[in-house]
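Quick one: the structure is below, questions incoming.
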Amino acid sequence: MLVRIGCHFDHEAVGATPSLWQVRPRPDGPHRIESESWETPAPTRSYVDAYGNLCDRLTLPAGPSTLRYDATVEVPMAFDEFDISANQASIDDLPDEAFVYLLPSRFCWPEVLYDAAWEMFGATDPGWARAQAVSDWVHENIRYEVGASTPLTTAYDVWQSRVGVCRDLTQLGITLCRALNLPARYVGGYLPDIGVAPPDLPMDFCSWYEVWLGGRWWTFDPRNNEPRTGRVVIARGRDALDAAMVTIWGSAELKVMTVWADEAGGADGGD
Amino acid sequence: MLVRIGCHFDHEAVGATPSLWQVRPRPDGPHRIESESWETPAPTRSYVDAYGNLCDRLTLPAGPSTLRYDATVEVPMAFDEFDISANQASIDDLPDEAFVYLLPSRFCWPEVLYDAAWEMFGATDPGWARAQAVSDWVHENIRYEVGASTPLTTAYDVWQSRVGVCRDLTQLGITLCRALNLPARYVGGYLPDIGVAPPDLPMDFCSWYEVWLGGRWWTFDPRNNEPRTGRVVIARGRDALDAAMVTIWGSAELKVMTVWADEAGGADGGD
Amino acid sequence: MLVRIGCHFDHEAVGATPSLWQVRPRPDGPHRIESESWETPAPTRSYVDAYGNLCDRLTLPAGPSTLRYDATVEVPMAFDEFDISANQASIDDLPDEAFVYLLPSRFCWPEVLYDAAWEMFGATDPGWARAQAVSDWVHENIRYEVGASTPLTTAYDVWQSRVGVCRDLTQLGITLCRALNLPARYVGGYLPDIGVAPPDLPMDFCSWYEVWLGGRWWTFDPRNNEPRTGRVVIARGRDALDAAMVTIWGSAELKVMTVWADEAGGADGGD
Amino acid sequence: MLVRIGCHFDHEAVGATPSLWQVRPRPDGPHRIESESWETPAPTRSYVDAYGNLCDRLTLPAGPSTLRYDATVEVPMAFDEFDISANQASIDDLPDEAFVYLLPSRFCWPEVLYDAAWEMFGATDPGWARAQAVSDWVHENIRYEVGASTPLTTAYDVWQSRVGVCRDLTQLGITLCRALNLPARYVGGYLPDIGVAPPDLPMDFCSWYEVWLGGRWWTFDPRNNEPRTGRVVIARGRDALDAAMVTIWGSAELKVMTVWADEAGGADGGD
């Protein structure tokens, strides 16, 4: 299945403003690129960070500037996979690289929600059932509300307020999983609305998380909490910090942000 | 100069208890190993994490158990270097790998102390003078007190309480540096008491931090705030989380912990 | 300075043919991308290899197919830097990552040319002078001739035949440097003809090498053997194997290959 | 099962002689260390190379010197696993990191033995049967003879001479596998003589190789060509070059080399 993804940012900067971007897909995703174009308002240097994410550095010029990414990618047709028999690895059996996803991070504090997590989910079967129970609980108990949180909002704040955006639901799910010794990592990406009811909000970047069960990572998405198709991963990390779309050092106003992720039609798949 | 370093841990565990250790020096330190021995109470698997730290995984057996590391290493004779003319890199000129050390982390929240940092240090000259002013301020204003903090204490807590242990002073220094756009990274290691007044506390693991100035990393150590010699780096990371000596999943009581770091004499350098 | 680089390949494959490409610039080059487009005849998966090169995997479809990369990048104005006072590091002082570039590789056999290298260059001053003497010697003694070598030709073959293409001159320079304990690594990339006499050959991918001297890597290019500007690095490695533009598993005929690397004019910089 | 492994080297050097060692186990092996000691004649710096191997750098002093590694490690009881139903991945389905093990290297030239490999093994079933046929053929057709080869001997030389040591049989097996599109990587390590007839040669470092089949790497060992137990991996790479026990820059005579790898008994497991 072909999906067209991309984004368009217009900024207005007071002076030259360094910035760091994560809006292009990870080089190693399950998606495969068929064509892409990338236009930036200033020369751009790229690197791959310690999580394997592609990061782009550039200095926004003073005045208005536009950055645009556009790609047609092939993604598996399948909806998110699941396996209710996937068991929970003992700590001994985790792969080395999973340990970092058990630890606390800037916005996810499993050590603070440890008692709560075990009280709520300790009676579920370890493994898939427990991870699903976490996702179900977040989906049912945290109200999705645009503007409900700030860039400083932690999962613990959301635990208390019971309201948040995509990033907040994701981070609370991650926090509860880690408290239950389930390695969980944050994912930011593109998610087309394929096979679901028409959304009532403009398209935006999305986030979800992955849990290590039965020897591999599985997608959990407490905002939607139902299998989806067409996810394209931009970045993975411990929490939203590691997958920030854009970080700016200085003063630049975001005038326009447009994100697209749609099934690419036949001949008319373009814009 | 030869330094003898090591540690000895006795635990008493209720049952088999998975654990993760960072007590052996980083493979790539400026130190060089002359001899070492490593004894663990159970078979141990090692890996190098994304920061380049050597991590050891093992399951503590039920009952009492001992883990011991002992090494003789050569370290440069020189005291911590400094260069008051080292300038501050613009964001544009930072190496890629420095960016992660500008960002917030679990215990270091530069975005929360941003205004305070600029109010206090904005009038200093950018570069070495500014980084030194941060270290001086932490040294003079945060009282060192054993037991003043918990594993959950953030640099922001320390900012408010004005009291902490080694880890806390380090993390506050890091936080202020990052708020000032100075990349700063946490270091845990062995630090012998060479050429200084006899300490009144038993030897322990130490922490300090490194700041990117003038094209390289430099050591800052607000607890001591004077040049030292003989540092052996165990682990680097965003904050104390990434350099935790031991992380335990389950219930094991620490009965004895001994740490040593001493100039190795002639024939009598051993224990 | 803006440079326009890119390539266009037309293949005709008998059946579906797996292929591996290295034609896009390394993410971490000194160049910076201003805009780029990338079109492939089939969905493409990317990864970054152990040398930091960006590799693209795709399966060429049966029949004709086209792959095209096109980018406008900013490169430093400066011509290749040099420092005739750069000294030769002792083996002890090499950075860890330089060791692999002292060792033999598929096409570079320093152990075989060891005696010859010392006989020819042992009387030169170690450091820049010795590295330059190698480049001068290769430039003067190996005749450049299109079609003079095959994909199996080693630097030792070229040593004997005294004739070769770009890749061959590069590999012989590398081999002699390694024999002299100078770490040397292969580079493949785009090299515009800026400020030089008009070339009499169609543009192609180029190769040169880098030598570790005085604490950094420096460009040496025995084919041209004079400073150039506008190099854009695609791939680095031990020798041409690690930087192969395209590797194909199966049967696909290359019908057309076009490479471009030109100073980008003002409004008319395009094709 | 506990195995005691280690090695002892005595050198006599004319002057200070830089050296690079790979004799300690890889940090990420399936083995787990219970205790180890490491003594070197000079301060030693370690690093992990691009293949994940632990490398030790030190400068042998003038005169006699001793280097010694000794460890007790736990290894799985199981003999080398096999699965005759393991299928051969298509190139498309290989993991990214397998590609480098399809390519030629210093001592393994699959492109030269391509026709021979397909002529000999093209009629076997792809997958396990084909890989096993290669190992069987090498075992049966290449005579093991101490001293039959030099450090410059390639697999192609062995193909012609039909004689070699452990390293040579391994490299020929690798070369034939790669020619057949089976990713194969060189392994150097310790291999105890457990459950086999008493060897008639003193213990030495051993080598074998791993082939990617059915979604994982499997051990093949054409010298022994029967399942063994107790392997401890020191280094992996493209061929023997990447796993060299010791590389020396200068002049040092090896006086004594002792290697041990034995099942560790009860109280008397030591020396």
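As written, the chains take the letters A, B, C and D, and residue 1 is the first residue of each chain.
Just so we're on the same page, contacts are C-beta pairs under 8 Å (C-beta built on N, C-alpha and C of every residue); 3 or more make two chains touch, one makes a residue touch a chain.
Computed from a predicted model, the values in this text were never measured in an experiment.
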* Structure fact -> Farthest CA centroid from chain B: chain C
* Asked: What angle, rounded to the nearest 5°, describes the rotation that places the Cα atoms of chain C on chain D?
  -> 180
* **Length of the line joining the C-alpha centres of chain C and chain D, rounded to whole Å** => 31
* Asked: Where the CA atoms of chain B average out and where those of chain C average out, how many Å apart are those spots?
  -> 42
* To do: Could you grab the centroid distance between chain B and chain D? Build each centroid from C-alpha atoms only and quote it in angstrom.
  => 37
* To do: Would you give the residues of chain D that are in contact with at least 2 other chains, written as numbers and ranges?
  => 28, 45, 47, 96
* Asked: Linking chains that touch, what shape results: line, ring, star, complete or other?
  -> ring
* Between which chains does touch occur? -> A-B, A-C, B-D, C-D
* Can you name the residues of chain B that touch chain A in the complex? -> 18, 20, 45, 47, 49-51, 55, 57, 59, 90-92, 96, 99-100, 103-106, 109, 111-112, 151-152, 181, 241, 247, 249
* Complex contacts: residues of chain A adjacent to chain C -> 27-29, 31-40, 42-48, 54, 58, 73-74
